[in-house]
Amino acid sequence: MLRFALFGAGRIGRLHAENVSANPDARLVCVYDVNGTAASEVAQKYGAEVAPTVDAALANPEVDAVLIASSTNTHVDLITRSAQAGKAVLCEKPIDLDIAQVNRCREAIAGCNVPVQIGFNRRYDPNHRGVFEAVKKGEIGQLEQLVITSRDPSPPPASYVAVSGGLFRDMMIHDFDLARFILGEEIVEVTASGSVLVDPAIGEAGDIDSAMVVMKTASGKLCHINNSRRASYGYDQRVEAFGSLGMVISNNRTATTVERYSASATGVREPLLNFFIDRYGDAYRNQINDFIDAVRNNRAPSPGFDDGRRALLLADAALESLRSGRTVQLND
Amino acid sequence: MLRFALFGAGRIGRLHAENVSANPDARLVCVYDVNGTAASEVAQKYGAEVAPTVDAALANPEVDAVLIASSTNTHVDLITRSAQAGKAVLCEKPIDLDIAQVNRCREAIAGCNVPVQIGFNRRYDPNHRGVFEAVKKGEIGQLEQLVITSRDPSPPPASYVAVSGGLFRDMMIHDFDLARFILGEEIVEVTASGSVLVDPAIGEAGDIDSAMVVMKTASGKLCHINNSRRASYGYDQRVEAFGSLGMVISNNRTATTVERYSASATGVREPLLNFFIDRYGDAYRNQINDFIDAVRNNRAPSPGFDDGRRALLLADAALESLRSGRTVQLND
Amino acid sequence: MLRFALFGAGRIGRLHAENVSANPDARLVCVYDVNGTAASEVAQKYGAEVAPTVDAALANPEVDAVLIASSTNTHVDLITRSAQAGKAVLCEKPIDLDIAQVNRCREAIAGCNVPVQIGFNRRYDPNHRGVFEAVKKGEIGQLEQLVITSRDPSPPPASYVAVSGGLFRDMMIHDFDLARFILGEEIVEVTASGSVLVDPAIGEAGDIDSAMVVMKTASGKLCHINNSRRASYGYDQRVEAFGSLGMVISNNRTATTVERYSASATGVREPLLNFFIDRYGDAYRNQINDFIDAVRNNRAPSPGFDDGRRALLLADAALESLRSGRTVQLND
Amino acid sequence: MLRFALFGAGRIGRLHAENVSANPDARLVCVYDVNGTAASEVAQKYGAEVAPTVDAALANPEVDAVLIASSTNTHVDLITRSAQAGKAVLCEKPIDLDIAQVNRCREAIAGCNVPVQIGFNRRYDPNHRGVFEAVKKGEIGQLEQLVITSRDPSPPPASYVAVSGGLFRDMMIHDFDLARFILGEEIVEVTASGSVLVDPAIGEAGDIDSAMVVMKTASGKLCHINNSRRASYGYDQRVEAFGSLGMVISNNRTATTVERYSASATGVREPLLNFFIDRYGDAYRNQINDFIDAVRNNRAPSPGFDDGRRALLLADAALESLRSGRTVQLND
């Protein structure tokens, strides 16, 4: 039985609480949120206690692991304190928007020897993971090209954009992690292009809303990612891995398999599942289940802290490329 | 809050228990099974009691409704006693294999005035229901032809076949109900053909394993159903509704959207979801949720007792047609 | 070089003329039509002569083969005279609407020993033929069920219906031939249902416009065919062969592979190719090329005269079943 | 009637000759090839004469237009001489591998006032053109992202690679033209990445075999192109246009619509059409028909000389970017 403290009782925190409760090998022990009412609601629903403070939760000997689903600017602090308290950590992405902070956190927890997983749940989406596994098994021979399409259904408010860290650190960071996961080797070159095409307010906030990136690994594998903050037809999430012997694709999902034919069109399907709670519901559940299994069996959870750090390095490199008009080399 | 007694703690009973527990407006109160160990396991898992007898469960004033998931030959007795005890009833299909029994049950419960739902869950599959709704809204104009393909992944043992009531009453009965649901009017003619192509043991047991039926409604709508006891590629479950303005199809489901390309093939998908627990998991859940909602809001549940009876009448008519080589008229 | 006389210079005759001209091993020598202007146009376009009479065409020693594309009621006479003149024959379907006429023709040409092909061109559609070949190679193991969907884009005028021989002899006859071709064994039982759902004028003309048929072969293989005189989304032509090891499907065709996504729909394709000239253009060409090759290499052309006769026997059996409400046995 | 001289009687020249002959408004008058036998064969097949020299062909008053299908290094000379002789020109791509040559040709023919079309036939593929038209009609709102996938079935011999001008000028040049066509505005930035992943001999010849490019237009539209010299599953040719209101895709083509289901896979389709003669057969025909129509109606043919020049400018910019690791600006 793995016993959890939950930090953050917002939408994602609640989703995690539900998934923990549904796992027969895990239990939610306590919940902390700066908003006491939110903490109390979640605690009550899943038979847990409200922790008065983070320290109280970390001091609780019944807590084996922490789930960090609070705001991004608290992640580094909570990871550090939890690791130092000897708790296993599952922290929502990103670790932080500032690589210096991430590096400091890395040093601070270096000796703690606790399992840390970062919530890049797309690795656990059954469709994308199907691509990963096919590639790993050699089904397409040598992987040569990877193409990731990732478009949100609608843009966030400009107020969010302003504190988001920008498209590369906030949105494409998922795709950077997924790319590293499937490529199976480190990326050494990043080139980025971007535009403001969706909402001028995003441009006024200093960000872009449309982007195309090309990356290369040491062995020459090529990877393209495109992002848009708006796709009228729903949450567009596709992965295409192309290799010497073939291609494997993770396609989009709709709620049903219903297909319509009329005088004006055939093969008509519904719009795509609208956003990540629906599209990646299985992924959230699978990730937490795998974390529980990994910790219980002394297996290193994946993606780990360093995966979280490297995704941010790629986001920073993309931003530098966007600004400089140059391909950026990564040597780390 | 709707409080349930569960009769039958086998595979389907457990599935129902889980779905009842997941519904915030329902609770499992007690479980009865001739196998006390099974009853006990389910009761414990969902915080319910073991009922020592059916009578004890029906006498329990905390029980509002019963879930009948015991063997087919107990259904009529349990429906009758539950209805007479004033409990709402959700009974697995079929009501019985013998129409005379079904008719007696109908008389016996006629004055009870309790809601009764029969577990033809395909009406609640989101894909098939999408077809039903499109037809009902007039999206395809006047419905003219309905084609239902329904093939099991692998044949049951001959021992099961011998007591199953035969392909029409055991397997195609689901499709008869689904056909009535989508056609929206009563069927007046049934013609059936059948063969033993899958397993000679099924023929030796006096049954067929492959069948094609054509039916007609009073207004002339045509319906075709085909069944096979074996589909190598998984559980094949499709519905096609064709009308004056178009066509709407409920297609098959696979576990993922992964698609493969190689030197020998393109567009390759996985085999279909293997059987009804996977394929109709949503349908089981949606049906019980709708039953709970219907009873709580004094709405008649669907499909009701008479739907269960009419599906059996169609199965009997198909069997008669198979034996006589004639189209059978239904006047009831 | 195979040298042709063409009887009938209407739409289909012109199509045949074009296909003959495009074949490097064939040449159009002369054209006869009761409408001399039509004959003259076709003759001129393809460098052929106008034959003043049928007899003149058949007496021409330069003519090796005849293409019969005139009206149905002339087919038996022209087949008979052409065969007796020693010419190879490619005759449009059907041989005749009256089985007695067909039988007389069979006797009349029995001793002529000339190759005769009937224009059931669907055998030569690359998609349907792909199903035939997969079945023949054993890709799906033992064939168990065959489902043919065949719906015209729009109904013919009632005036045509009145002389057409009825839906079974005029429209489903193509599907009867295709069923025999793929089933690979003779059909022994036919059951038919039909309705007037598309156009009351068709009913007033004594015909049906919607039909469902189920047939069985000697070994128990089952076959379903459905027909409608109107499909709003285009010419719906599908074949599904189901067997012990799998299934193979010939799907519909659209003009392009363009797919649309919008706020209301995804995966949107065009309506289907509208009618047989487009849908079966390849089939017409492939059939005539195969006829030319067969005659030049002393190979029996397929489908032959007896295939044409058996398709009519099935159409007659379907009509008898529709009228009697009984399954009709075929013993021939 | 448009009367053609054909320069070059190789594979593509023959294809053009056939398409000219099939057009009722055009006629092949004469053929010139350095290989007299090849010229003679084509001339004979289509009822044309052999021209003893280029000059003789250009001096022939019966020649209205020339088709240039000879080797790339002859294009500039033949375009120049043909234009100066007052003939309309349809020249295979590319104009030349050297932009200085192309610019000189542009000057030389500037005053000739003859229609010139360059053979970027993908603009005439019905599928890709469907995307172009949907974009132009505003079906997807404002175009924001364009993704072109273009992979050859198998790599050319290294000997060809050495004289090909390299992947960007030889292969991706088609995609550059298609991108410009659909984007509907000029590209101002090009960034390229490339690798040798398919065949080391291609690397030894100084070229790459795998490439990813990102481009931007003045208004900020983004475009990605990926190329590979080898796709095991056939000739992969896809276009995806994404905009504010939706997406439109030109998908790949297979020879038939046959779909297979088995114990190991569902939805299985054939490998893609193997190469450009099959895949773009319609495009070749449609382009030449449009050229004939344009010249006969004094409409400017498309793509014109300047389109050919701009595609080469993009290829040169991609090569410069690949070498420099910088985004290259285009100001022309």
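A, B, C and D are the chain letters, set down in written order, and residue numbers restart from 1 in every chain.
Note that a contact is a pair of C-beta atoms (placed from the backbone, for glycine too) under 8 Å apart; a residue touches a chain by one contact, two chains touch by 3 or more.
Keep in mind it's a predicted model, so treat the numbers as computed, not measured.
Undergrad: Can you tell me which chain lies farthest from chain D, using the average of the Cα atoms as each chain's centre?
TA: Max centre-to-centre separation from chain D belongs to B.
Undergrad: Tell me which has more C-beta contacts between its two chains, C-D or A-C.
TA: C-D
Undergrad: Based only on mean CA positions, could you tell me how far chain C sits from chain D in angstrom?
TA: 40
Undergrad: Using mean CA coordinates as chain centres, what's the chain A-chain C distance in Å?
TA: 58
Undergrad: Could you list the positions in chain C whose residues touch two or more of the other chains?
TA: 232-233, 245-247, 252, 259-263, in rising order.
Undergrad: Across the complex, what residues on chain C touch chain B?
TA: 141-142, 144-145, 147, 149, 151, 189, 191, 193-198, 210-216, 220-224, 226, 228, 230-233, 236, 242, 244-247, 325-327
Undergrad: Can you list the residues on chain A that touch chain C in the complex?
TA: Interface residues on the chain A side: 232-234, 252, 254, 259-272.
Undergrad: Please give the residue numbers of chain C that touch chain D in the complex, ascending.
TA: 126-127, 130-131, 134, 139-140, 245-253, 255-263
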